Amino acid sequence: MGKPKVGIFGFTGCGGCQLEILNLEDQLLDLVSAVDIVHFTEAITEHSDDYEIALIEGSITTEHDVERIEKIGSIANVIVAVGACAVSGGLNCLKNLYGTQKAAELVYGDKKDWIDTIEVKPVDAYLKVDHYSRGCPPNRFEIVDIVRSLLLGRQPEIPNYPVCVECKRNGNTCVYELGMTCLGPISRAGCDSRCPNSASGCEACRGVIENPNVNAQKDLLAEHGLTVKDIMSQFNLYNACKGKNIE
Amino acid sequence: MVLEAEKKGKKKTIYTPDMATITEISDLTPTEKQFTIQIDDQETREAFRFQPGQFVELTVFGLGEAPFSIPSSPNNRESFELCVRDIGNVSNALHKMAPGSKVGIRGPYGNGYFPHEKMKGNNVVIIAGGIGMAPVRSLLKYILEDRQSYKDFSLIYGCVDPANILYKDEMQQLKQRDDIEIKMTVDNPDADWKEAVGVCTNLIGDLKYSPEDTFIVVCGPPIMYKFVILELDDRSYKPENIFLSLERRMECGVGKCNHCHIGNKLVCVDGPVFSLWEIRNLKEAI
Amino acid sequence: MTDNSKEVSVMPDSINIEVAPVSRVEGHGDLVLNIKDKKIEKLIFRIPESPRFFEAMLVGRNWDEPSHITSRICGICSVAHTYASVKATEAAMGIQPSDFILKLRRLIFHHEMVQSNVLHVYFLAAPDFLGVGSVIPLVKTHPEVVNIALRLKKMANDMVRIIGGRAVHPIRTVVGGFTKLPTEEEMYKMKDMLKAAYKDLETSLAVLKTLDIPDFERETEYISLAQPDEYALYDGTIKSTDGWEIDSQDYLDKIKEKVVKHSTGKHCWANRDAYMVGALSRFNNNYEKLSDNAKSYAKELGLQAPCYNTFMNNIAQFVEIVHSVDDSIRLIDELLEDGMDENKRMVDFKIQPGRGVGAVEAPRGLLIHDYTYNSEGKVDKANLIIPTNMNYGNVERDMQALVPDIIDKPEDEIRLACEMMIRAYDPCISCSTHFLNVKLINK
Amino acid sequence: MLYKILGKNEYEDFLSDLISKNEVIGPKKKDGAYSDFVAIKDPKEIDTDYQKTTLSPAKKILFPSTEDLVAFKISDTIEAEGIVEYEQKVLLGINAWDINGMNFLDRFFTTDFIDENYLAKRKALTVIGTDSVPTENNFAHHMNSEYAIEGFDLYFSDLGDRFFVRAATEKGNRLIEDFPRFLDTSEDDFKEFNRYMEDYRAKFKLNINMKNFIDNFESIYDKEQLWQKLAEKCYSCGSCNLTCPTCFCFNVKDDINLDLKTGQKLREWDSCMIPEYGLVAGDHNFRPDKENRLKQRYKCKLITFKQKYGKNSCVGCGRCIEACLAKINIAEDINTIMKEVSI
């Protein structure tokens, strides 16, 4: 079996996902020997249009992005959306909330028409995505797990349980006990509860689990002094595009 | 840190599989394959004795472990067979393997198996649905190999489609014998189908054996049990003579991971075969 | 290789190069260069992608959110954005963190600088100087360099992980202090990690000495933060080599921005029509405050202040790594002396309306966040000035100076020289929101 | 059981001596009201009146949240060997109900099949208990676990000016021999100890109708609406299981390294409150709803092992109550259920 060819592509985002791949440190060399990375703009100059697996970072926010993503879709057999921006639109979707035109005007004033910008959408609005590596930034070990799973032909294990599970495994004191709030009970684990590990509330950057108990979560936040507006603002920080199941 | 394995050479714990080789693979249906497996180490192989209804935990290294019942006859001491449906990580990987591949085996497990000793001198009825054939085939083979010790012997076997029927050729051969009665039924018959149509519960009514000297063995999808038991109850078969093989999620097979807990029973250790009498009042069992 | 084959010129006296996008920079960007009859007809450095409208996203958000949101402007300088943001909020609300907190902030700040400088020097720029395509062939040709880079990067990442909670988009770094402090044990561990780095720095020095750095000089205005008593990274006044120095809160007095047609990143200017920010600017403004060790590394590498060779920016980055390691050890010793006590992680504060500016040195240069809060502690207005935006104009002017010198070279070499020049800036375009193309078109 | 007295003024020396010779794990202040059991370097670090810990110290050491079980190497052939890791440790300051929780795990992990990963760690652990003050959610007295009669090597009860010390094992006796300043007990000491125990027991305030609950469980089992009501707010977050000192469910995973040649089987705590817990191939779920799962948890904690071992797996520590953000409260629910039954 030849090594699968992998392209790593960046769209509108902060580049942090690609950086997380570079941050693999001990595993980076194993990764480049397990697969053939043929496109990785953040790290290499070599470039080829021949790849089977596309790891895509970033949201689709311009006409030009749309053209590029469609081309990738026509080449790659396996699409992996990496990071909140690619998976759900992530933080970029706050622009949609604000209104594309209004946002352009606020930032670019009367020059706003010079700017190519469309409604922010996640990758799966344009392509069928095979695997999602959620989070902002994504968990680099999960990216490795997805690649490894593709090599082995198995389904990667992406948890569908709440962050609280990992938080408790890590023996943390719940941040509610520390007087803060947390979206852990409805948010999808897989990040090793890294925010609560740092005594900071979960912001649901990996989205919510399949059957979140949203009502209970709203009550809980309200009990901790949040207004309805605050609650919605928390829910949509990373999930404004795909927030239907938490409305 | 003391790493026991380093200190004392190889260390075997209840979680450590023995190496085994897949010696043969054959297609049974579009979704099921049969694997013949031989344990590599001779001593371990000789010590590996199982009862009909027991199962093993099979590891495909790097992909995981899953429980599978042993459908072959306990009398074959050299190797055993597994019949596997490709449904997930381990089973898909198995389906992609070639003879000669290595797997890990733990077991045999399960203290609850089909009580073939007690069945001797009685009628035996096996009711199987779909892949439920796998666990009971071991008993079927075992009884056929010692046929004279039992009275009448029937098999009721139901599948969704004719294509799903496991061990089709074997079934055809058995049909030629007059010491076993075989009845098959499918939900969706094709043009060539000449036997019964519908769920296998329909065929229970035809059984003529008296509850006094009859053992009944049931294995199939969870939904089947409820209806089969209703039928059997209606005909006053004795719960202590009815045996069911249950499926639950298992992560260890040795009573530790607890996923197969039903009340105070563990399917892996106390089962997977239970008498109806044992589980009748066990909530959630059926 | 880049997919520009279609546009290769048939005319021998003219050149047509398009590099789209230029790789090994963070983000997307294009350089369009039209050369006709050995003259530059058109030279534009542009950012073709959509902007992300962070200034709009911030409006209406609660005071504790901007640092998390703006951290997502750039994964590579997420610590710098976090602190520009935290400092702006603290300035707006009159929050004064304790000395202890400030020291710990300086410590984590150093390591984003190291993270980024290592990535840039070793992974992105070194392959050019060593004449291999990129880091992947580098693994084969110079495995020792790659290993050093991975080790140094891991050290810096681990430092940021320990203090900030994760290597990208830190969590613990919040308004008023930290949500959690490293333990004493972790402090000692970090110190050991830092000490272990010296050997790799020495080896790197030997390798860097062998590099052939292009000869190029163009004096421009160099702007960075400055402090009387330290090599300013986390805090300071805004200082220019053109002789002016202002309080960062008054940045608007000197720094001007405009939207230009070919770019979604705004262009900036101050005293002249363009200026440079980044390692070389910091070096030129703050050389005296480098650690003695870093100074001797600079000397060995032939880097002297003031230096007008843009390509030396990479060397300045390396010198900064040395300084950061030295200074971190000092900071850890001081923090340990103060004692790691969870009670010190935060100062008390009240939510108040007001405007505040936070200026820091991101790895790529001066970074400014400017927020106005209303009385509910929600953002009314936000303005962000990003280092790569500041460098655009200067990149174009450097190109204008560079290209005529090499105009007789083959197309490939011109393209490479242009790319190298752009990469020397380490233009983190994802911050200004995006990528880079070099397009040399010839009519 | 050997009974001894140790003067308060000798106690610190005893600890220093212990710390100098062993790796000692004891309670240290963490955040908010919580303490955590960590390696202790100096007796002064010990939080002597700790009340809450998120996890039971015994479970944390003996059955860590993730643990490698088997290492394997794939080449032309495959080699797999068991990994059994343990270190000699002294667990200092564990309270009675957590000792009883550990006793349950001891029993569980050595029944049917012996789990050497647990047992090796258990054998390497010296347990020195002390009483701690129960929280308002503690109902250990209803679960017969406010007092430990086994599972520890030494147990210290604080009589004010001195400790009343019980040694339950050879290991405990040896610890006493090794530190010659333990004194013999007098009749007075026993009287004082009894008085102390009375005061101690009076600190458990929560009152629940435990016995009736066990007797009536079968009759309430099918009251679906009741269970739906109890579980309505449940997030299926597993916090209740994961913080429980006796919950032992785990998943096993094959974790192969990127070289695709080496890897390990590891186990990781699971929770019966998570939907995937009962999922099998073909997407059939044996406990699809949160009310099924809550019922399973209560049954497992309060009924199953009473039938099996004659002893509950719940020790009444109250951690699940404190961990539950949906405020699902096993003690309150027992009373609610019993009220419902009596109507």
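Letters are used for the chains, namely A, B, C and D, taken in the order the chains are written, and counting of residues starts over at 1 for each.
Note that in this section a residue touches a chain if its C-beta (ideal position, glycine included) is under 8 Å from a C-beta of that chain, and two chains touch if they have at least 3 such contacts.
Here the structure is a predicted model, which means the values were calculated and not measured.
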Could you compare the number of C-beta pairs in contact for A-D with that for A-B and name the larger?
A-D
Quick check on this structure: which chain has its C-alpha centroid closest to the centroid of all protein C-alpha atoms?
A
With centres defined as the mean C-alpha position, give me the chain A-chain D separation in Å.
37
From the mean C-alpha coordinate of chain A to that of chain B, what's the distance rounded to whole Å?
43
The distance between the C-alpha centres of chain B and chain C, rounded to whole Å, is 64
Taking the mean of the CA coordinates per chain, how far is chain C from chain D in Å?
50
Going by residue number, chain B touches two or more other chains at 62-64, 88
If you look at chain C, which of its residues touch at least two other chains?
none
Chain A touches at least 2 other chains through residues 152, 199
Which chains are in touch, pair by pair?
A-B, A-C, A-D, B-D
Quick check on the complex: what are the chain A residues that touch chain C?
10, 12-20, 22-23, 25-26, 28-29, 32, 37, 41-47, 49, 61-62, 64-65, 90-92, 94-95, 98, 102-104, 106-109, 111, 114-118, 136-137, 194-195, 197-200, 203, 230, 233, 237
Considering only the defined contacts, which chain D positions touch chain A in the complex?
30-34, 36, 54-55, 60, 65-66, 232-239, 242-243, 253, 256-260, 268-269, 271, 274-276, 323, 325-326
Touching residues on chain D, where the partner in the complex is chain B
69-72, 74, 77-87, 108-109, 111-117, 120, 218, 221-222, 248-254, 256, 260, 263, 265, 267, 270, 272, 277-282, 284, 286-287, 292, 296, 299-300, 303-305, 307-308
Can you check the complex and tell me which residues of chain A touch chain D?
27, 30-31, 34, 144, 147-148, 151-152, 157, 160-162, 164-165, 167-174, 176-178, 184-186, 199, 210-213, 216-217, 219-220
Sites on chain B touched by chain D in the complex
1-5, 10-17, 19, 59-65, 85, 87-88, 91, 102, 104, 221-222, 247-249, 251-252, 254-259, 261, 263-264, 269, 283-284
